[in-house]
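We just call them A, B, C and D in the order they show up, numbering each chain from 1.
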Amino acid sequence: MQLETAIILDHRDYGAGYRLLRLAAPQIAPQVRPGQFVHLRIPRLEASVLRRPFSIFKAENGELALLYKAIGRGTTALSAATVGEPLSLLGPLGNGFPLDLPAGRVPVLVAGGYGMAALYLLARRLAAPGLVFVGGRSAQDILCVEEFEALGWKVYVATEDGSRGVRGLVTGPLDAWLAEGCAGRTPEFFVCGPNGLLEVIGQRAMARDWRAWLSVDRHMGCGVGACLTCVVKLQDTDGTWLWARACKDGPVFESRQIHWDRIEEEA
Amino acid sequence: MQLETAIILDHRDYGAGYRLLRLAAPQIAPQVRPGQFVHLRIPRLEASVLRRPFSIFKAENGELALLYKAIGRGTTALSAATVGEPLSLLGPLGNGFPLDLPAGRVPVLVAGGYGMAALYLLARRLAAPGLVFVGGRSAQDILCVEEFEALGWKVYVATEDGSRGVRGLVTGPLDAWLAEGCAGRTPEFFVCGPNGLLEVIGQRAMARDWRAWLSVDRHMGCGVGACLTCVVKLQDTDGTWLWARACKDGPVFESRQIHWDRIEEEA
Amino acid sequence: MSAPDLSITLAGIRMKNPVMVASGTFGYGPEYADLVDLSQLGAMVVKGISSEPWRGNQTPRTVEVASGLINAIGLQNPGAEGFLKTYLPFLRRFDVPVIVNIWGRTVEEYAAVAARLSAAEGIAALELNVSCPNIKEGSKSFGSNADMFQRVIAATRAVTKLPLIPKLAPDVFRIAEFARLAEATGADALAITNSVPAMAIDIETRRPKLANVTGGLSGPAIRPIAVRLVWEAAKAVKIPIIGMGGIYTAGDAAEFFIAGASAVAVGTANFMEPATPLNVAAGLRDYLARHQLGSIRELVGTLAC
Amino acid sequence: MSAPDLSITLAGIRMKNPVMVASGTFGYGPEYADLVDLSQLGAMVVKGISSEPWRGNQTPRTVEVASGLINAIGLQNPGAEGFLKTYLPFLRRFDVPVIVNIWGRTVEEYAAVAARLSAAEGIAALELNVSCPNIKEGSKSFGSNADMFQRVIAATRAVTKLPLIPKLAPDVFRIAEFARLAEATGADALAITNSVPAMAIDIETRRPKLANVTGGLSGPAIRPIAVRLVWEAAKAVKIPIIGMGGIYTAGDAAEFFIAGASAVAVGTANFMEPATPLNVAAGLRDYLARHQLGSIRELVGTLAC
């Protein structure tokens, strides 16, 4: 973890309403593991006191790429950052996904929204390709399908309006695949998306004693474990729960770790 | 007085550390009288609650030009505004300089800092040219000399370091000209600059029963007379003083109107 | 669905919409009249009036700070007579309730200005600014001393039939207690909040940035404090509350209504955008429509928690 | 001229420089240790510790507002034992005074945690967070009720020889009175100010943005309020004051010193720039040099007014 002043190399629309931000970050980039994130100081956001967290889409050759959507004040202001501009980064933060799958497991990635960006780096770093299930409201919300296919991954798309892939939720094609017996292999899930999605996949995994690695999206303050903003309830050994910090102890947790009665969505 | 969304036509360095801002303001521009000002909303100054006042340097053909120096948060942020960008203006504000000089009077303009910009419009609109005395710390602080000369005005420059014109304060050449008898004419002063300069010229005028029109620079809130931030002490008829609002009742006052014991400089 | 109804009746005053201007930020009427149709305001609240003319503080009187403004105007005003002569006739030309903010340095001065204004035609209500220190009894402020607070309300209540709207000082930490006191003493509504005591220092000269040393902080910086005060007061009393503090948008205003305000006032925002009160009213109408609420009254105090 | 001297001795604690971190914004030490050399802090003030572990509030716990942050963490902490076991040994590796912020829900709980921590080696002082409500005597807060305020200080004073630093709540409007009470009851210094009670509402869901409904406002928005509180308290007492509230730059810190603080703490700013305390210290050195002051102590309380 360190502070680095990165320089914007490229900044452009990426489709699906997302923007691609490419940064020269020679110190942070080589350290990044899939599932980690950076905490970014948005330039010219004078009245803001917090950084904003973003997953790392790509990290190679001293460069980082982020994919983000302008949904609020910070991300809208970020859209106006220009090539050559310096950006203060804090990272890499958090614990990423495990990369060493037990033998015979097939990695199954499930994503919504920017989740595809967060999981892409994992796909690149895993030893062998697996499957990706991605959902969204309509075709315009579906990100990175071609990128995963180029890596040799099989991608299943579901959209609520049916404008791409099958109509319905991402659990549709996933459940179909599960019902077909997972092509005879044991899935290991990696999920990034809305907390509702994490819960749905976590439940499916726990029901069959599979593992599901869930990347939790919490509002963040410090990003380093100091402020206790981003806490998530984990199971305690005594049957009750205890807090873990998504930024420091996560954002990736295995579904059995989580105390499911209260991982509410933060608006 | 009205609100207008002006469009930036041009924005560039003007020398002496000043920036020239040219705006399309077809509604406000035709109404402007010399000595008036506009109250400008600085873009992207998120944590600021006040507009910033600027004198009008030029107003013609539906265009306004302002000359300003980046001295603080607002003016620095303004420097980054780009051509084509909209700017919210409130104006024209205040009472300007009188344009109808009594017969036989010669207009004598005295300026420091952005005062030259504020007085230039007056020079353009007065019936006949007169004299301009301008002072500053060094040559780099002296603005618009050529513009006045092009209008046929005689310009006297004084700089504290002697790098342009005579060495010393602007009162040097002015007093010399007064001592020579003002070329046989009665001067009518128009002054814009630091409050110390206003006082010095006001005293000289009052001592000889001449008139001096002083444009007062006060910190401003509303710009329209509502908040009572910008008040200046004027002589009351009973020998005491009363407040006047620089934004609404000024910024131009005749030196006899002012209650001189307290027109302090605001840092 | 027809357009949502913004009209309210507050302390017996009918208003076209619930968006007023805050005292001291909109002058006495003429200042913004070229830019804003005063008839479209919920109410026009004028700058604080005392029984005699008052010069207020020396300059500098305001200073900009992060997301806010500190002001120490010092209550400069033309006095009751000056207001009635110079400004009230102008204001009466508009179809808008005129609320006069009043203050005094003693209980007697409050009563005097209240009595004088009540004798005039065309004033809808009196807003009592209790944030000024009592000159008679040391520097204790009327607004943070329960006993003096009550005496001021009682004394003005005794001399006027106009609706009385005490304006609470934000340094009252027991806001619920003061709100209840005001209600019990005959207040018809409450205005919450005045600006928050604050100061700024010029580190180069090591002098205060305001001639008065301290002043009142207003603007977006205090909005979360003001919303909390309104919420606490609204739980304590039945009389309506006029919420204010850093309102710039309809969304900001909606926070106050949801917290329990029946009306709102726009203050510091007027300096940046004089049309803010009108924009806020229009935005509230859209908000109500979007939330399928027929009237602004249905939004008041709907916080779910 | 040699470099200006930043060192101070506050409540008997020697500090290399007068820039501390504010409780709750720098964790317990390890969180920022990769980014900031803790030995370069004036003092490390850890997040509030209670006698037993405490889970704090549900989420959401913080919300960003204009130039500020509202937090309602709810004082989550590992308890005295947890702190002593997990964090104090780590902190003792650094050459920095460790100040432990403590709290309780009853007078007894304050005394218990103070006694337990006093038994350990390596703690320089206790900072008393009195902004929590007393669970025994209704919801009255220790920090805004003079009697309870004094009892808490007296009870902790009785069980520890460590310097005691009550941290005043900003909803104490009679700050001078509380400062004097603290001094009279044996406080060695004062910390001013804690965050300001505030709230924010999600207008779409009409629910509070914090699970706890209200929280404390910190950051630049409160700086002018905090400077005013420090100034008023400094006039009232002789014990030193640690000023805080929205400090981001050396200039911000200088305002507090000029107003009368002997030291400062950086809080919310750490979230944006973890090196802020170090940058503020360096900037103060430059400021002193520029103003030809030989020591930070020469700046304290120099407001000309």
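Methods note: contacts are C-beta pairs under 8 Å (C-beta built on N, C-alpha and C of every residue); 3 or more make two chains touch, one makes a residue touch a chain.
Predicted model, so just to flag it, every value in this text is computed and none were measured.
Between the contact lists of chain B and chain D, the overlap consists of A, C. Among the pairs A-C and A-D, the greater number of C-beta contacts is found at A-D.
Ranking every chain by how far its Cα centroid lies from the centroid of chain D, the top place goes to B. Work out the mean CA point of chain A and of chain C, and you get 48 Å between them. Chain C has its Cα centroid 36 Å from the Cα centroid of chain B. Work out the mean CA point of chain A and of chain B, and you get 57 Å between them.
For chain C, the set of residues touching two or more other chains reads 66-68, 205, 220. Within chain A, residues 46-47 each touch two or more of the remaining chains.
Because contacts link each chain to all the remaining chains, their graph is best described as complete. In the complex of the two chains, the chain D residues touching chain B come out as 66-67, 220. Interface residues of chain B, counted against chain D in their complex, comprise 47. Against chain B, in their complex, chain C makes its touches with residues 24-27, 30-32, 34-35, 47, 55-56, 58-64, 66-69, 71, 73, 76, 202, 204-205, 219-220, 268-275.
Contact residues of chain B toward chain A in the complex are 44-47.
Of all the residues in chain D, the ones that touch chain C in their complex are 65-68, 70, 144, 171-174, 196-201, 203, 205-208, 213-214, 217, 220-225, 227-228, 231, 246, 251, 254-255, 258-259, 287, 302-305.
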